[in-house]
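Below is one structure, written out as structure tokens; comments come after it.
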Amino acid sequence: MEKLLEVKNLKTYFYSERGVVKAADDVSFYVNKGETLGIVGESGCGKSITSMSIARLVETPPGKYVGGEILLNGEDMLKVSDERIRQIRGNDISYIFQEPMTSLNPVFKIGRQISESLMLHRGMSQKEAYKESIKMLELVKIPNPERVVDDYPFALSGGMRQRAMIAMALACEPKLLVADEPTTALDVTIQAQVLDLMNELKEKIDASIMFITHDLGVISEMCDRVMVMYAGKVVEVATTEDIFKNPRHPYTIGLIASKPDMSTKSSRLHVIPGNVPDLNNLPAGCPFSTRCSHVMDKCKTAFPEEVVLDGQHRIACYLYTEGGSKQ
Amino acid sequence: MSENIVEVKNLKKYFPIKSGVFKKTTGQVKAVDDVSFSIKKGRVLGVVGESGCGKSTLGRTMLKLLDPTEGQVTFAGKNVYGMSRRELKNLRTQMQIIFQDPYSSLNPRLPVYEIVGEAMLQHGIVKSKKEMMDKVVEIIGKCGLFPEQASRYPHQFSGGQRQRICIARALAVNPEFIVCDEAVSALDVSIQSQIINLLKDAQDDFGLTYLFISHDLSVVKFISDDVAVMYIGQIVEKGPKKQIFNNPLHPYTEALLSAVPSFDLSLKATKKRIILKGDIPSPAKPPSGCRFHTRCPYAHDVCKTDVPEYREVESEHFAMCHKVNGVF
Amino acid sequence: MKNYIIRRILQMIPVMLGILLILFIILEMAPGTPASNMMNPKATPEQKAELIEKLGLNRPWHERFISWIGEALKGNLGYSITHKKPVTAVMKDYMGATLLLSIVSLAISVLLGVPIGIISATKQYSFADNALTVFSLIGISIPSFFFGLLLLKNFAVDVQLFPLFGLENPLLFNPTFWEKFKDISWHLVLPSIVLGLGSTASFMRYTRSSMLEVIKQDYIRTARAKGLKEKVVIYRHAFRNAAIPIITLLGFQIPALLSGAVITESIFGLPGLGKITIEATLTRNYPLILGINAMLAFLTLLGALVADILYAVADPRIRYD
Amino acid sequence: MTNSSIYENKKTGNVRKERSYWGDVVHRLRKNRMAMVSLVVLVIIIGLCVIIPAVSPYSIEGTNMEKQYRDQAPSSTHLLGTDKIGRDLFTRLFYAGRISLGVALAVVALECTIGIVLGSLAGFYGGIIDTIVMRVADVFLSFPFMMICITISSVLGNSIPTLILVLALLSWPSIARIVRGQILTLREMEYMEACEALGISDVKRIFKHLLPNVLAYVIVYATLGMASVILTETSLSFLGLGVSPPTPSWGNMIQEARDIIVIKSKWWYWIPPGISIFVSVMCFNILGDGLRDAIDPKMKR
């Protein structure tokens, strides 16, 4: 399999009066061509910052890319010029964001917002872009695309706006689609429609997808592989089947067990004690050590090296390193 | 166990829509439209539905935080809407509510002991400030907070801890019935499970009855004994949890259940997903006849014109559908 | 949109009536009778009685109030005895200078304040931003009469670059249009700077905070994610949204400018409404005072109305309401 | 309840120092250097205004027509010289400060009182009360401010109490709007609903939950209001329509500069009061901005 995107040791930090926040700390992963990679974690785990870093969308300052490489087809996104990154954004890498209500500009018509990318990256005339916009709206199954193209975002429902966002993102046939919690703000039946649409489009378009969500159910329906993040660190990466059948990192195990699923039978939920850590005030060593039931002394001093099991199941936990109880 | 603690009869809550030059009332948002049900003491009734279905309005109207348009709510045999001021004040200690947003539901300017203890003083549950402090420490302890945290302010707590404070505040007046309005929806998964367990523990310890409002079916399935499904202001199906989840009658319930993404891989293979067409209609202009007919895969002509009867199909299992009623 | 405008216009009516009513009551509280205040003290009792009869001053005040409104609707605001002219004619003579000064200053403050505010916001916490922020703080804090005197001292007294006084050079004989234009412009430089400084600073501060608010929005991130140039993101996507609240400020600035004009006119000796109002209060010329105040109140309301309409035009959410 | 719920929350992460809401505001304000400098400058100005006239050997209004005392340039005996009727300008400057700052304080106090009362009524009860209050506020907001001040002071005469009353009557609508808006926002907050659900009495809900939250915004507005009232009062006094001589105000002291000789060569007549106005207004503005940032840190990144 060919790697489309390879991220190596990405470090995106935020500098504020209260100190340094290591939002993405030494994050490494890759996305294969045509593959969907899911990134899962709770609020503040760094999944959004990681995804925004890919096209250098993190605002600097207060953010800063401290280190690492983001290779898209071998080209390092962190090193290319501002001019080049703008050519890549919207053309090679596009984004769908969480809030359909606020992610579209309220004062421009839908058609204009889609046309904008087409005119910019495809060199289309206004007229061509307008026609193409209608086609894109058709592709995402918006009823009456000829009318909707002249609507303002406020006239559309949440689900329709998210479809329009998808149309906008796909307009220039990107190689990588980054979907940051695209269905979180939607109702269940509307979420089902949008996920269904995305699955269908996956077949049609030739793009890899990075799918960021906190919802384990959505991950299992959409993704080929899953990366689990906690407090800015990657703690586990595996295929979707592996993650749910055979989770290895104590955090992943806890996370899956504490989420009531439609098939949960027990009368009490599993609980990870404690709170989601404050990124301003992380413990030394493994950030999960304060909540982990298997915590050892060395967990509190240094973050573990990554271990690869079964060929491609990556875990960062001392339980699996040399001398660990589950090694 | 079989005594009804809350009974809701033909409850309606409409909000006026004002428009035009003089802001005349030109229509109504029928947030809750003719809803009837009852909850047995000590049980949890889960209310599920999507945005705009009126589930939050239902909870608030039941507690008389909103004035009803029509209908009746009886709590422990007394009509909530026909109470004198004094009776209403007394009712406030018996029915409580926990909100979704752990940030806007606590007054940022008051320390925890004020937030939790205020109502105890108001209702004379405690006689002195000293007694109040002891009681507050006891209650927040039960909710998983430390005594020294009583003098802290809301901004010093995380979302999950804030929700614990909200629960402590509700428990402080010894209620019998609590409306949990999306009480765990804003929380992270690992915190959500802590709070759900806390709510379950509280229920066992105090013999509470819950109306558990949520859009998250898996949470409702976990915590509830009975489930009511709402769609645009109406309850379209209600029954014991098992029946609702194993044998849904209403096509909407069926679609809703199938739409929930699950990570149970064994389920994935067998499950067929029903994708509903179109958007959720606005409660300001609900569709005629059966309100679900615009999206229903089984809709017949009769569904567009006639409102289906809300009927007890099996024991304790109600539904509002022409197909279930055997009309076609 | 149509409903919105009609509603706004209907709302204006009671407000305007309220203003007039309060003005009327204030003037009623003036010492002396209305008649004694407006006529030659040497007039004989017969003359007085005749005039009182003629002007209807013996009627109760509410009747006069209603008839004043009736006349005002016909375009008659009363008669100024001091000027021996109708109030409207007096106002016409002096209105020009005030309007000219206000409009020039408003134009300066929008054209300067808004772009500077945008630059300040896009370079938040840079040296330029800090310098501009300090400048705007000075702008809203310096008393305009003091600032005006400083300018006069430096540029009209010590260095005689600009004229000290008035709107036109009385010594210009038979000027061509061009000469007159140049002359008036020259006279207006210092007054417009004085009057414009405060509102430029207000526009700057407002634009800056409005832009900072908008730049944080999700749709700006969307625009960047499309690969748009930063200029396009800021000036097209962000500014189009930030402009909406700035338009409301425009409405609020009109009364502020008119108030400021009074002070500026007084310092620079401009023949405007401010000057005539002060004169009118000294001569107790109540019809004129009432007329000017009513007129300015009307302009203020009109300004607010225009701002609201522009607001609706700029914001599709209101336009399609 | 079972022990597990307690256990679940045992590790509470970092324990922050307990600081009340207001403690937090003060803490943030203290970190704002500009605001703190302004506060210090204001304290100094107010202190001088209180002390100097009290300890000065020169009287405020007493004239001294002897030639050697009149119209003097600054010297070691008269730090800012004397005016045309022999009064010590240094003493007068700080006495004028008392008047200008005192008038501003009185106006702000009065307008805040009116604004809070009417704004709370409108916000809390809504409906017809709200409509009436807000329409009246519209009326007062649409007055041509300066013109109406001129008119009123000519009709009612310009005594200091009248001035205070007029300025307060013309400026309460802004504060009423802020208070009303805040109350409307707060009423939607879930903690207000929780209060209702808990059966907390109306009185407690207003005075313990609503007003303290509104107060923060009132304080910001009052600070900024000090700045704008000082500007208005001095402008009116400069035009001869506010505080009238012989009582000095920073505004009417600058009137002297209408004399071409004074403006050209006698800076001590008008520059010191001008700078005093400028500095105090600037400090109130910076302090007000600082307070707003401290109260609502979301506004600042």
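Letters A, B, C and D name the chains as they come in the text, with residue numbers starting at 1 for each one.
Heads up, the rule we're going with is that a contact is a pair of C-beta atoms (placed from the backbone, for glycine too) under 8 Å apart; a residue touches a chain by one contact, two chains touch by 3 or more.
Computed from a prediction, not measured in an experiment: that's the story for all the values here.
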{"item": "Pair exhibiting more inter-chain C-beta contacts, C-D or B-D", "value": "C-D"}
{"item": "Central chain (by mean CA position)", "value": "D"}
{"item": "Where chain C and chain D are represented by their mean Cα positions, the distance between them in whole Å", "value": "24"}
{"item": "Centre distance in Å when chain A and chain D are each reduced to the mean of their C-alpha atoms", "value": "50"}
{"item": "Chain B-chain D separation of Cα centroids, rounded to whole Å", "value": "48"}
{"item": "Length of the line joining the C-alpha centres of chain B and chain C, rounded to whole Å", "value": "55"}
{"item": "Multi-chain contact sites of chain D, meaning residues that touch two or more partners", "value": "4, 8-9, 12-13, 301"}
{"item": "Contacts with two or more other chains, residues of chain A listed in rising order", "value": "271, 273, 275, 278"}
{"item": "Interface residues, chain D side, partner chain B - complex", "value": "1-2, 4-6, 8-9, 12-13, 16, 18-22, 24, 189-191, 193-194, 196-201, 204, 208-209, 212-213"}
{"item": "Partner chain C, residues of chain D touching it in the complex", "value": "135-136, 138-139, 142-148, 150-156, 227, 231, 234-235, 238-239, 241, 251, 254, 257, 260, 263-264, 270, 274, 277-278, 281-282, 285-286, 299, 301"}
{"item": "Partner chain B, residues of chain A touching it in the complex", "value": "42-43, 143, 157, 159-160, 187-193, 195-196, 214-221, 241, 244-245, 254-256, 258-264, 267-273, 275-276, 278"}
{"item": "Residues of chain B defined as touching chain A within the complex", "value": "50-51, 158, 160-161, 188-194, 196-197, 200, 215, 217-219, 221-222, 245, 255-268, 273, 275-276, 278-280, 295"}
{"item": "Touching residues (chain side chain C, partner chain A) in the complex", "value": "217-219, 221-229, 237, 240-241, 244, 314-317, 320"}
